[in-house]
């Protein structure tokens, strides 16, 4: 059962050294206010699992810039040069994973699967150190589940039972990560009463969600 | 460059599901022949990618896989990343158009990293190249420093092995066959010898 | 791109000896009119992949009763005694599969995976003849993809682009099967114009669907 | 029987996600202690199973996993079978209550077939027993013909190995431990010896 809590209370559960999943795709669908609070709190030594590390300047990128992360599992880091710099300088351990593989690994963890066989990465350095299996004459890589201590998500709408609805391309990794973490925190734009979301409209069942955090309106900063 | 984009755009039929990579490939959507309507997939989670929004009508939840504001056409639909890559890896994308650092006569593709230099990550490219029914490479025939890009054997780390079907460059159109690269078209104004001179792989010429 | 066709035209694609997936769970979400047409047409020697074979008397059950099926892959046959009878009499080959395994096998086929590792069935006769793998100390069965020539689905709503929306518990296997067949035929209650279904409401992307068949109103048969 | 159902119902806390098998287990939903609210999962695709609908208000799209008309409570949600079994196999169901043909002191369960006789299929039971955090068996202590059902070792084909946590019968409550079955409660009016006489497995008694 989800609880509506303050930003501070929710992020108090994010501790040094934890493995953190964060939804979003180059910022779209990333829970910016939750991320800002993680930075603010100064949590360090995180293992971050995310599609990317945002665009330099956005909330996601700050996790890297402010050195909250010691290990990164992602599919693409080209939009945040600081990630590449830290990687090249051996300040950050980076594991790059094909996007379709990463999302299936997360799904496998959530769905209780011991792994999945994918053709992606065969014949590339991605296959290094991995078990290969041949099924019906085709080679596949065995990719293992990826689980996290905490998932930080962004949703468009939620009811007080924790049911989540995402909007447009902001859905991306969010509903998959919701299944694969011990603790799930969602930053939500609109929170409504139980019964106001049609059962068929729900994209993440409320049983996956622990904390709801109401997105706060922010003052727009105008230069000058 | 304009020729390249227009030429790639001729590869599609109405109803084809197509994923366009960032850069040159993206321009293909605006160069489709009259009457051809394809369905563009964006791997961050929707089908029916439309043109860029009007200024002032940007929606921060509707961006393409390059992170730019986009639109969703009527009949389009949104989904999560697991479904997006089920579509891609499951063979439900008819064609993908991607750029390349190197491509070779076996259809191997290198596009995601230069060791010790540029390592942006593979993003969705490895899945796209393995899963799409047809893999079309759209790129300049040679590198800016003059280095060759159409090789006998890729030297950079691969994005995928033996998956490329067609290579379209500013110099011509090459099909990957079991017997190597077949040059099907030469850009007007160039000769076979000129194209071969800029290509490490041996080309055979067979106009269609 | 989906086409709106007649019941007869759609089912003309279902041929003797094909492998057929049919959505539904004890009748709920099963495309009754498509099934009736398959029976009517007298297609035989089908391999049927479905959760169950319906309740004796319903459209799904008739596929068995009218002997359209020579091989069945299902999770439960207890609600259709004729299926059990044909199986016991060696008239029907039946392969029983755990429900969670069957749906993942279908999903694997649709998603281009070479298989999935599941803990379900370990230590039971389900593991017979299957490869076992140990991941992090736990034993899993390797279960392979299950694909079909044709999938028959039931949807509540569709637009002319083929996008499908299901309703309540009638969703079940339908969206998963939509991904895993060469040809996908959906029986639809409400067909609307392109643009009338919000992109976030779509449950099966239209690119998966080949034929839409409008559900026909039927005269209610009153006894006496 | 009434005692059995009430006793099983005491195993839950508010907010628990529970999947109830067909038969005796289904009755548990109506026997919950005052103030306890659990979330029922129906493996055919929703959470928030409510009571049977009023006559005339049946919805043919809203049926439970037994195929009977059901309702969905406010806060409930629907999903496909892949998500349903991701919830089940992924450990997101706190407890499942199922019937059994046989159960043994190692926690093995046989519930889905009698070779040469009854083979309805396992449906979702194998996934539920493997995936749920707690597996509670609710059944009559002996078969109608007097045959024993709580055994040293199941003789029928298993539904799952070593997954049962608790066995609640009309004679008492048994916990499966690494040292065998511990009888935690005896139905009022019975003695330990009477329960043991109807049980093949050796019971140790430890009231809580």
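As written, the chain order gives the labels A, B, C and D, with residue 1 at the start of each chain.
FYI, a contact is a pair of C-beta atoms (placed from the backbone, for glycine too) under 8 Å apart; a residue touches a chain by one contact, two chains touch by 3 or more.
Remember, it's a predicted structure, so these values are computed and weren't measured experimentally.
The chains that touch both subunit C and subunit D are A. Two chain pairs, A-D and A-B, are compared here, and A-B has more C-beta pairs in contact (counted per touch definition above). Inter-chain spacing, taken between the CA centroids of subunit A and subunit D, is 35 Å.
Chain centres here are Cα averages; for subunit B and subunit D they lie 54 Å apart.
Subunit A and subunit B, compared by their mean Cα positions, are separated by 28 Å. Separating the centre of subunit A from that of subunit C, both taken as means of CA atoms, is a distance of 33 Å.
In subunit C, the residues that reach two or more other chains under the touch definition are 104, 107, 111-113, 118-119, 166-168, 171, 199-200. Shared interface positions of subunit B, i.e. residues touching 2 or more other chains, are given as 46, 72, 78-79, 82, 85, 88-89, 130-131. For subunit A in complex with subunit D, the residues that touch the partner chain are 1, 107, 109-113, 159-161, 163, 179, 194-195, 197, 199-200, 202, 205-208. Those residues of subunit D whose C-beta lies close enough to touch subunit C in the complex are 42-46, 59-67, 70, 72, 78-82, 84-85, 88-89, 108, 119-127, 130-131, 157-162. Touching subunit C in their complex are the following residues of subunit A: 104, 108, 111-119, 131, 133, 135-136, 138, 140, 142, 144, 165-168, 171, 199-201. Contact residues on subunit D toward subunit A in their complex (touch as defined above): 14-15, 17, 39, 46-48, 72, 74-79, 82-83, 85-92, 130-131.
Across the complex, subunit A meets subunit B through its residues 25-29, 51-52, 55, 74-79, 84, 87, 96, 98-101, 103-104, 107, 118-126, 156, 166-176, 203.
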